[in-house]
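A single structure is presented below for examination.
Every chain is named by a letter (A, B, C, D, E and F) in the order it is written, and numbering of its residues begins at 1.
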């Protein structure tokens, strides 16, 4: 039987829980002792079950990482048939290579830690680099959220919408495949890209725009918006080059530091859409930043496990023409 | 060559660093990005070296645990000959068994995570339960700090000190061996013990004192003082039974929540001595809580590695008669 | 399908076999060559089955340990779906920590050997220390036999039984939780404990009784009775303090050396009850030592596997009010 | 002692062997049976030695991969202290992620196979993607050959060379860091990049040039030249945009199919320089393709091991100002 | 569900595929890039399925080995329930021990590589030495093809066939068990053996015949015919000793080098029968070498998996009396 | 530093200990508790040392196996640099393959257990089958005792000894290589072999002698003499065929059951020589069975480790011409 454990009390978490029966949900108690140590205790058996654990590894990222590891240990010792981790946002994924010698490759370390703690399969959304799949020796699925959003955008728009004014923009070289997937699903004909070179993480780089954005409505497609600095700079650049409107679709709204303020105040950004892989509900005020709920995608995913279906079929369903 | 990396900027850490040459110390940069992710970068090579990494896994315990794991990944990828972790305080050690079904055994999980990240040997101080050694498949050394303090206490006291008024007290059944080790080294002839039964961690239990404490100067010996609740209750009980003075020696001063305040205000406690396995310097005011520096023990330990000696010999040296 | 292999030809083994159909039982041939080497050959296929192997690791303990390991190798190579070891008595559990440096931690070694040989899960009874669960990285269940016996004792006694004269006694500090579990199930209101300190295994220690036993009927609760020396000394001490009767419940009757004779002759012990986790039928004469058959508990356990139930539910069933 | 085994009879291999004494070289016999099975037999002991095995995993790539694995097994069983694989060209590195579901990640597989066969460390040159370092859990060094060539180019050119006409070009987005490293070392001030999008490996993509190449002498910097198709197309594009000369520096000359012919005939390419990480000596005629010997770099590397030095220092030496 | 992947386009492969439904077969694309690197891509999902991969590891043996490993990686990453490799001919099995120091044990290496790549079970035919089973820590089945052929031979012959003229011959000491199995099934009463001593693989040794072959029809039973040299020499020897006819049954027709020509021209061999564990259809002309199709055995095997039966029962079925 | 632990108090053990200094020997205490559990405690540190543990795994074979495993655990936890097991006789080596389905491969199991317990290298003498080397993934050395004895025999015999009357006999097909090695070293020109087929271990088989033994002095060369049954039958057969004298050299004198009596009474055996890989000193009376001390070979071996030499060189030294 498929059993569900949702670690985080978030909008996404509550929506997912609401889609399953009481029998399918494993309640648990999460403790934090006064010295900061965490403990997770399951309140129902999982022996022989296919356990699905849902938790983003987002800020407070180290706290959440350790919590997931401890929860996995508790589950593993309770004799489940298998453990699947659905982690909509997989922290530390940007540390996927060494920029200099004597650095860690933390994304690989996380992969090893999760496998040590007992996961048999992992599912995440819009992974920062596809090579990270190779850091795992267990099956990993990478749900193409932005591609699905492209499909939904197309279905939602009026039939007589003028597509010729639209340009999809990838904010860097690594994101071209991701942007193109959105563009194809959304049936938007034009694409541009920003090409940049960054010395250190979190630092903004010099940028050059390829493709024509003058007089166009631009849709920037990216996986992560963190401090917001790069995004503000990119959109400024696009506006300088004549873009009329700049909309942004980002899967993961890390929005660290004063990112929300920075983006809210940025004139160059007309609107930023993020999904709820990371929960920011309590922090977002006003309508400059829009929230897209992806619960139905994750619920579909868990139902696929439950019914023995294939994820590839599920994704195909999300990407149908009509 | 033996190379030293000290992760924490504490009194203990600075003292240790001061005992070694610049060539023996590997400088490093510790970064925390605005989204909370950590990174550690070594600033000197360790290829072919026996690396000693010093870091307590204390509050903020999850932050520190992840920091140690990431540092280990960076070291491991830099081709050292071996990695020894000296962790004066090893967090999560009290989660060494399941009180109920469906709980984790976090102390074992920590053991697996550290080994996955690359340690070849681990050294810690006054481990909460000696069975935890069995959670590791690599060599582990457990430095008997309290036993060494017992030895030092004896050497420091006046020759004509009246020992007959002293009683060493173990605050629970599990600590008898530890208290006896102190007692033997200190040459204190009398011992008593408090016997208690505790339902949950951090909760105080019913207690009964075995042995005579009336009119005596009591020295409580324990490994960890956390919230301070049990300690205050134990010392109250001892004073009610006629103890004249209650001194406490604890290796690890976790002192979470308002423990410092609670202990400072407790009339039943005459003085608490803790060591600096956990750094509390900035928080301790007044002289109710005394600080014992164990840097020399750890420096001795690292020198033992450097010179190819044996830890057992070193400990014997610390426990000599004269 | 659940398939059963019972290695030992004991009362317990025969009772278990009697509860299952021929199709569910895998016959086997156990050979001992003239040079002492063992071999086990299965006489029916187990491909795709959930195999349950039942065998205590008791005296001759090394012979039995190797036999279990070899049987596991034979099973593992026959393509089962999973292997569960039910070992009512898990030898070497008392070697769970190092008393001195340079000793083994044999209980961890046994855990590693069994996992190397192929077990996926292990079930045992009244484990010597709960930390041993952490020596395993696979699921482990520890059946609380004494707790179940407490429940049965209550149901079996006359309704008007005078409980006020009864005291449950834990013979050492480590056994308090175990004794309390019995006490709670038996609805016996009073408890006492013996507090002792032992230098080496098998050696008797100095002891002190906490709690009132004068004029009482004492029930000592312990996990293992080995040479019997400690037990005789404890009961003598209790009688000296005025206990009227001393009954003993021990899960595992190791009864090594001349233990049976020693206990039979001990005036301080009125009766010792052991279970058949270790088979001593041929050696026990007279009625000083009583035998409690726990076959029904293990049969219930195996039926739980067979029917996809939960062990936690099963244990709850054994501990019902009525 | 450091012992050297060079599997391939190539220019590079012979040069390396020539730099070491007979005692440091382990002779071996490489057999190929008539059914195609390979065998490698060492002709001298390596017990207790730090063995360095040198072999590119290049065409015939599967043959060479299996040969390296078998050689590793022979070495591992001969009790060496450690095994370091120096593989100037590490085949299968371009299969570092899944373009579609249900594909392998062969670069990770290769990492696992080499580690299974017994390597403790791996050194390679100009790795295709730096994330591949994360596929290994052992130390890996990635020698920046092109950066060293940039340094050498600068030292070799006349002092009054006119640098203003030069432009370094990265042929794709992933190569920018690599090209920049060359540019910085060569002290060439200008850079351009070709931006392209490729559906499948070996297939040429649409391309757009960023930066000014009109009237310039272009130096394309790339890690691998395989079929030559992309290179010919890129250089054509550059010439169309007004580039006067197009020179190419590529670390690895895979040159599969009719690549040599294609490049030799391409008017858009003025000269291609490759290194001898892959041996093509027998196939290259004429002077359209130039050969750069990197033996001295690898010899320096092995001497670093021999003398207990640091690779980072060695590389710094290769990149000195003077 | 059981899903089938047949890597090789051979008679055996096509026959197996013909026995299963489209839904049970996983189509795949096998690519070979121009630089010799292989890639395998599945064209249907296998999530949750018991995948059976069929492929001989025969010439080109290194190419096929790597192809199988890459296919396993692709399958493993697609979340199957289990992977069973059916490899009718398992190359490198003759390298099962070190004849001299400093050689590899390639058959063990292959076992480790296959397990690293992800197989959970392996099935092969007439393994060269039964000890090779011990190189695997996963279940391995060794289908006794020659024994089954002996059974079929008996059922196919006329009832009044004169068996007294027949002698089964083992061509070396290692093959006696194999020959006896054939003899018993075929109900042939007489056996002889050739005893020889071979210095190196592929080299012919001195030989001595035990048992009477004069005037007899000899049936040589062997597992592998490689270069054919030994076989020609053995049959010559038998004819010299008066054997009237020499027939040969060999499971695996490696037939390397000019083996086919050599055997076709050998007057001492009347006919050689090989099975199609290795596909030689395109190379065999004339009727000196006969081909025995074993598809039905492998199809039976896969159906056994499908239906949850036991291989032991299947083999018993193939060896029935009638 | 090389440190020596000799587990067994045997002639061989005492001889080896006598060759090393007190500083090189690690004393230990071996305990057997009254319930049969073993414990081993080292009495000196081994931190950083290359530990050599010497112990045969012979009868009582299971007791000795567990003792070795526990000793390894104690050593491993004491932080040695490496652990080498010298086990002159490696029990369970004859269980190296499955004769029928559903049996174990105990020799592989032993390999896994020893590696789990912590050995890094293993050295044994005249291994039963050379394929067993492939059961280990660590380096293994197989000392050719009989070959060395052949060399010694030659050097010891008078110069004018008549070799033409001598025949070396292998008692079965598997021993031919072993016998030939003895023969070559002893410079004995003639060889014969007994060819037999055995259904089960310990059961005698039908036998046929190849080669001429009439009027000859026969030297049987074998690795193990266990129950002695086969040996008596073989020698009878040889005497029946006219052998004048039958001498036997066996490395390992298992001599189980009444083997000593059986051999002593056997008229067909003139004398049996065994080595002291297994200690039988207390059981052997009279001079029918001769004892060859191999201490000097093992001492040479350990000195080789100590001095960083090569075992291959050592063996070559033992096999010199003069």
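Going forward, a contact is a pair of C-beta atoms (placed from the backbone, for glycine too) under 8 Å apart; a residue touches a chain by one contact, two chains touch by 3 or more.
All values reported here derive from a predicted model rather than from experimental measurement.
Novice: Going only through chains that touch each other, how many steps at minimum separate chain A from chain E?
Specialist: When the steps are counted carefully, the minimum from chain A to chain E is 1.
Novice: If every step must land on a chain the current one touches, say how few steps get you from chain B to chain E.
Specialist: 2
Novice: Return the chains shared as contacts by chain B and chain F, ordered by label.
Specialist: For chain B paired with chain F, the chains in contact with each are C, D, in label order.
Novice: Same or different: do the copies chain A and chain C touch each other through matching residue numbers, with over half of them shared?
Specialist: Result for this pair: different.
Novice: Taking the mean of the C-alpha atoms as each chain's centre, how many Å separate chain A from chain F?
Specialist: Going by mean C-alpha positions, chain A sits 63 Å from chain F.
Novice: Quick one: report the Å distance separating chain A from chain B, using the average Cα coordinate of each chain.
Specialist: 41
Novice: Among all residues of chain E, which ones touch two or more of the remaining chains?
Specialist: Touching at least two other chains: 45, 77-78, 98, 101-102, 105, 108, 112, 133, 137, 312.
Novice: Could you list each pair of chains that touch, in label order?
Specialist: A-B, A-C, A-D, A-E, B-C, B-D, B-F, C-E, C-F, D-E, D-F, E-F
Novice: In the complex, go through chain D and note every residue touching chain A.
Specialist: 96-98, 101-102, 105, 107-108, 112, 129-135, 137, 173-174, 176-177, 180, 193, 195, 197, 208, 210, 312
Novice: If we count contacts the way the header does, which residues on chain D are in touch with chain E in the complex?
Specialist: My answer: residues 33-46, 59-63, 65-67, 69-71, 73-74, 77-78, 91-92, 94-95, 98, 100-106, 108-109, 112-113, 116-117, 201-202, 226-227, 254, 256-257.
Novice: Would you mind writing out the residues of chain D in touch with chain B in their complex?
Specialist: Touching chain B from chain D are residues 121, 133, 137, 139-140, 308, 310-313.
Novice: Under the definition above, what is the set of chain F residues touching chain B in their complex?
Specialist: Counting only chain F, the residues touching chain B are 45, 47-48, 76-79.
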